[in-house]
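Chain IDs A, B, C and D follow the sequence of writing; residue 1 opens each chain.
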Amino acid sequence: MRFGGLKAVDDVSFKIREHTITGLIGPNGAGKTTLFNSIAGVYTPTAGQILFKGERIDGLPPHRIFHKGLVRTFQIPRPFPEMTVLENLLVVPPSQCGESFWNNWFQPARVREEEERNHDKACEIAKFLNLGHVLDLPCKNLSGGQQKLVEIGRALMADPSMILLDEPGAGVNPSLLAEIIDRISELHERGITFLLIEHNMDMVLNLCDPILVMANGRLLMEGDAQAVRSDPRVLDAYLGGEPEATS
Amino acid sequence: MTGIVSYLVFFSILASIYSLMSLGLNLQWGYTGLFNIGVVGFFAVGAYTFAILASPPAAGHIGGFNWPFLAALIAAMIATGIVALIVGIPTLRLREDYLAIATIGIGATIQLIANNMNWLTGGPNGIYNIPQPLSAYFSSNLGYNVFFLVMIVVILLLAYWSLERIVHSPWGRVLMAIREDETAASSVGKSGFSYRLQSFVIGSILMGLAGALYASFIKYISPTLFMPVLTFQVWAMLIVGGSGNNRGAILGSVLVWALWTMSGSVVQAILPSTLQVKGGAFQIILIGLVLMLVLLFRPRGIMGSRKAVVFAGESKTVSGE
Amino acid sequence: MIAQYLANGIVLGSSIALGAVGLTLTYNILNFANFAHGSLLSWGAYFAWLVVLVFGGVQSTIGPLSFGWPFILAIVAAALMASVLALVLDWLVFRVLRKSNIQVTLVIASFGASLLLRNLIVVVFGPEPQYYSDNIQIAQPILPGVRTTPDELFVVGLAVVLVIGLHLFLTRTRLGKAMRAVSDNASLAQVSGINVHNVVRWTWVVGGSLAAVAGVMFGLTVQILPDMGFNLLLFLFSAAILGGIGSIYGAILGGLVIGIAADLSVLFISPAYKPAVAFILMIVVLLIKPSGILGEKVQ
Amino acid sequence: MKSRRITSSLVASAIMGVAALAPLAVQAKCTTTIGSVMALTGSLGALGQSIAKGAELAVDTVNKAGGVNGCDLKLSMLDDQTSPAVGVSAAKQLVDIHQVPAIVGALSSGVSMAILTSVTAPGKVVQISPSSTSPSFTELAKSGKTGGYWFRTTPSDALQGVAMAKLARENGLKRVAVLYLKNPYGEGLAGKFSEYFKKLGGKVTASVPYNPKQPSYRSEVSSALGGDPQAVFLIGYPGDGTTVAREWISSGGPQTFLLPDGLESQKFVDDVGAKYMKKVLGTAAGSVNTPSLKTFDSDFQKQFGNPPTQAYMTNAYDAVMVIALAMDKGHGTSADTVKNNIRGISGTAGTAIYAGAGQYEKALKLIKEGKRIHYVGASGELTFDKNGDVSGPMAIWTLKDKKVVQDRMMSVSTINKVLMKR
C-alpha cells in the first residue's frame, strides 16, 4: 500500500484462524490502521491479495465487504450522531426488506414484521452491551466509551463472522474497559472471530492469541503473549529511534 | 370579504406549489444531504412536459396531444425523473459537490432550451393554451380556484404523508445514516450511491409535479418564469422552515412566499427611491445572508430536524483518518 | 471562418483558464467547490475599474492597446484587493465551517456568499455594464481569416505569462512546493512540518489574484457586469472538472478546451446554447473519466 | 403540541398578511382605484421605474382636470419583480383586495401573459399593457380566451418590423444582418423584419439570436458578420444591447445601425459611443405630428424635474388616459364599462382629444354634450382592433449631434401598402 512515494504497509502476510482473537500491535505509524482500512475496503492495496473465507476481497468497496460478514469499527467512534442509539442499531441489519423504497408501499406487513424482529434484536444487543437505558438518546449525547459500545452493537446487529476492532480500549475509563473486554471474550465464545488493534498492552496480552506485531509497515513477528513479551525486537520497535507519526 | 377569501385561495394554491418543491428539496437536502441548486430546472421539465402533452394544438411548436390531466401529470413526473437520472448517475457516485455543479448546469441548460428550442417549447413566447382540469364545470372563477385548492391540498397532503412514511421507514433510516456519515454507513453495508440516486430522483419528481400543477393553474408558461431566483426561493423556504423536517418545509414555503409577494411593497416602503431599482438585489442579499447565518448558527434550520432533542452544543462531527 | 472562431475561443479560453486554475487550487487545498469564486472574478474587475477611475480614465495608451500604464497598476491593485476580499471571506465564513469537515456545508455557504457578493456589486456599482475605456478597438486581420484586437492579444499574452509564472512558483519556490504538498495530502504535509494555515492563506491569495486578473481580462475584452463571474461559473467548473480537479495544468487545458469548444459550437448549433456546451462536455467527461483528463486520483 | 403551534402561526401570518394588504377603509372623497403591475425591481427594474412615472403623470393629469366621473383617480401600483409568479400574485391582490376594474401592466410579455390567463381574463378585469409586444396575445385574443378584456397601447411587432424593412430599403440597404434578443419582442420583430425585407428585395445575410446576460457575445457577432452585411439590425435593450453593439464595432462590422424602439435611448448611444455609429436608422411607435407628445414632455419635466428618456413611458400614460376616458364615457367604473367604451373614445371618429389636463377637461365637456371624441395619445393615434391591438404610424429617429432625435413619420397607409405586398 503506497501513498504517493510513501509505503505505509509493505510485504505483510499473515493468516487469521477462525475463532481466535488476533491482536495487532505496533508503535504509532507502524501501518496498523492502514492495514485495517485495506482489509475493510476503504483503500485498495496497490499490490497483494486479501482473502476472506477463501475469497478475494481486496478492491471491493466497504459495503460489499460488510455483506461478506466482515465488519469493522473505527478508531474514533463514528456513530450517526443525530440518530438515536436504537436507530443506529436498526440501520445495520443487512438486506432489510424495508430498505427498498417499493417494499414499504407494497409489502408493509412484511416490513413491519421484520422491523419488530430487528427491534427485539437491537434491544437484546443493547441490553447485552449495557446500553438499554440510552436507547432513545441521540448518539452525539453519549460518552466516548458508550459510543464505542454502540459501534460494537452495530457490528453485532449484522451477525458477523469476523469483527475488526480498531482500538476498542482507547480513551475509555477503566470500569467500562473491563466491560468491553468482558463482552469481547463472551462474543468470542459465541464463535465470532476478532482482529483488534490495541495500544493497551494488558488488554492485548490477556485477550489475544495470537498477536501480530507491526513496525514501519512490516510484520515484525507473530506469536502468543509469552513470545511477544520475550521477543527483544518488539521492545526495540517501541523504543527505537523511528520518528513518531500519527497513524 | 369575498375578495380577501378569493385572494387567500389564490395565495394558498401558489404556496402549496412551492411547498411541493420545498418537500422535494427537503428529501434531497434535509434527509440525504444532496445539494441541489437546479431546482428550477426540474420544475421547468415538469411544467413543459405537462404543457406540451395536455395542450390543444398550437402554432409554432409541437403539441396538440390533448392528454387528459392525470396522464399528463404522471408523464411530467416521469420526464422529470428521467432528467434527474441523467444528472444523478454521473455525479452522485462522485464527491458531494459535483452534484451542486451539475445541477446548476442543468438549471441553466434547461432554461436555454426553453428559450431557444422553439419547436418544442414555443421559445420565448412560451405555451399559452394550457388547459385546466374540469374547468368547464365551474361558472365562477372563485369556485374553480377553490376546487383547484382542494385538489392541490390533497396532493400536498398525499405527498407529505408519503414522505413522512417513507423517511421513517428503514429506507429513510439508511438515507439519514448516509447523510450523517457516509463512511460509517458504508462500513455497515449501506452503499451511498443507490440511495442517493433514489432520493434525488424522488425529490426531483416532486419538483416536476409542482411544475406541472403550476402550468395547469396559471395556464401559461414561458422561460421568464424559470430563472435561478426560483431555486433560491425554494432554498430560502426550506432553510427558514427547517431542513430535515417536512412540516418545516411547508411552513417555510408559506412564510417565505407571503414575505416574497409582499416584499416588493416592503422594499418600496423602506428603500429610498434612488435605491428602488436595486430592490431585487437587496432581496437576494437577504437570502444569501440568511443562508449563511442559518448555516453558521443553526445548521439544521429554524424548526430543527425531525426530533425535538435537547441541543447539546454544535453537532459533533468526527474527522476521518 | 473556423480560424476566427478558434481565435475567439482562445481569447475566451484564456480568461476561463486563469479563473479555473484559481478554482481548482482552492478546491484541492481547501477541499470544497467554491461557488463564490465567480464573485471574486467580478469584484476583481470592478476593483480595477475603480482604480482606472481614480486615475481619471485610461487616456494615455501604450502602443496600439486601449489602455496605459495606470491600467497595469489597476490589474495589480485588483489582484491585491481581491486577495484581501478572499481572505476576509475565509476568515468570516469558511474558517469556521472548515472545522466541521462537512463539504456540503462549505459549498452551500460559498453559494450564499456568492449571492451576497454578486448583489453587493449591483448595490454599489449599479446593474449596467461598465467599460474600462469608452473607446472601442477595431479588430485587425493578423492572419488570413483571423481578426483580433490588440487588447485580445494582450490578454492571451498575459495569460501565458501568468501560467508560466505560476508554474515557476509551484515548482521553484518553497511556498509553491508546500502548496503542492498540501494539495496532495494535507495530513502528510502537516506531519512533514509544513504550516498548513499559511498555505491556506496563500491559496486564497493566489486563487483570488488569478480570479481578479481573469475578471479584468474579461472586462477588457467584453464588459464589466455584476453577473459576469456568476455567468462564467459554469465555464470555470466545467474547465476544472474537464482537466481533472486539482490538476493545475488540467485546468488550463480545460479552460482552453471549453473556450474553444463553446466558440466552435457556433458552427453547428445556435450560439444561444454556448453555456450548455460547457455543461454537456462536463457531464460527458464525468461519465467517461470521472477524474478528468489530467486528474490523478479517482474520487 | 407542535402542530398546534404551526397552525396558529399560520393563521397569525395569514391574518397579518390580509391586514397588510387591506386598503384603507376610510376615505374622505369618492375615489376610483385602478391597478398597475409593473417591474419596479428585478431585471426590468430600471425600465419599469421610468415607465411607472408615465402612468403616474396620467393619473395626476386626470385628477387636475376633475377626476373620473367627479371622483379622484387612484393608481395602486404593485411590483412584479419581473417574475411571472410574483406578477400574478400582485395582480390577484389588486383584483381581489383592492377591487380594481382595470390593470395597467405588466411590462414583460411573460408576466403580462401569466396575469392575463390566470387573473384578468378569468376574473373579467380589463388589462392594458404599455409594452408587451408578443404576438401570442393576438393569437389568444383570436381564440376568444381573453374575453375582450385585453388591450395594449404598444403596436405589435409586425408594424415596426415592416416599417424598419421599408426604412432600410429606402436608404439603399440591400444586405442586412439581424442580431436579436431572444425574447418575444426580439423574436417577433426580427421575424417580421426578415419577412418584409425579403419581399422588398433585400437580403438578410444572417439572423442571429442572443440570450440575455451571457458572458460574451463574440461568437454571436462573428456569425452575424458572415455574409458581408452592409448594416446590422440590432434588437434589444440597453445593457446587453450596448455590449453587443460594442462587440459588433470591435469585430469590424459596418457602422450602420438599424435600431428599434427598445434602443431609442440616449444612454445606449452614449455608452456605445456616437462616433462609432456613422449612420443610425431608428424606428419607434409614436407620433411627432400631434401636440400630445409635446404636452407629455413638458408636463413630465414639470412633474419630475427631468425630461422623459425611456421608451414606453408614453404608452403607460396613454393606457391610464384611455381607461379614465372610457369610464367617463360609460358613466361607470366597472370593468365592463371600461371594456365596452374603450373603442368609443379612440379610433378616428369625432373630435380629437390630446394629452394634458386642458384637453381632458374638454373631453369631459364633449362627452357630457353627447359628442363623439377620440383620444390621440402621446404614443400616437390609438385605434384598437378587435384583438385589443393598436395600429398607428411609426416615428423615424436618428442621431443628430450625438443626440437621439425623431425626424419624421411613416404613416399607417405607407406601412399598410408594404403589408399588402405579396
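Convention: a contact is a pair of C-beta atoms (placed from the backbone, for glycine too) under 8 Å apart; a residue touches a chain by one contact, two chains touch by 3 or more.
Just so it is clear, the model here is predicted, and its values are computed rather than measured.
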Q: Please find the path from subunit C to subunit D through touching chains that uses the fewest steps, and give that number.
A: 1
Q: Farthest from subunit C by Cα centre, which chain is it? Let me know.
A: A
Q: Check A-B against B-C and say which one is joined by more contacting C-beta pairs.
A: B-C
Q) Per-chain C-alpha centres versus the global one: which chain is nearest? A) B
Q: Could you tell me the distance, in whole angstrom, between the mean C-alpha positions of subunit A and subunit B?
A: 42
**Q.** CA centroid of subunit A to CA centroid of subunit C, Å
**A.** 46
Q) Taking each chain's centre as the mean of its CA atoms, how far is subunit A from subunit D in angstrom? A) 73
Q. Hey, how far is the Cα centre of subunit B from the one of subunit C, in Å?
A. 31
Q: Scan subunit B for residues touching two or more other chains and write them down.
A: 112, 115-116, 277-278, 315, 317, 319
Q | Multi-partner residues of subunit D (at least 2 other chains) | A | 45-46, 182, 209, 211
Q: Indicate the residues of subunit A shared as contacts by at least two other chains.
A: none
Q: Note which residues of subunit C are touching subunit D in the complex, please.
A: 1, 4-5, 8, 11-12, 127-129, 131, 134-140, 147, 149, 218, 221-223, 225, 227-228, 231-232, 235, 262-263, 266, 270-272, 274-275
Q) Which bits of subunit D are touching subunit C when the two form their complex? A) 45-46, 182, 208-211, 213-220, 222-223, 226, 238-240, 242-243, 246-247, 249-252, 271-273, 276
Q. What does subunit C use to touch subunit B in their complex?
A. 32-33, 35, 93, 96-97, 100-105, 107-109, 111-116, 118-120, 122-123, 126-127, 233-234, 237-238, 241, 270, 272-273, 275-276, 278-280, 282-283, 286-287, 290, 299
Q: Sort out for me which residues of subunit B touch subunit C in the complex.
A: 33, 35, 37, 86-87, 89-91, 93-98, 100-102, 104-106, 108-109, 112-113, 115-116, 232, 275, 277-278, 281-282, 284-285, 287-289, 291-292, 295-296, 299, 314-315, 317, 319-320
Q. Touching subunit D in the complex: which residues of subunit B?
A. 3-4, 6-8, 10-11, 14, 58-59, 112, 115-116, 123-126, 128-129, 141, 144, 214, 217-220, 222-225, 227, 229-230, 247, 251, 254-255, 258, 260-262, 264-265, 267-268, 276-280, 283, 308
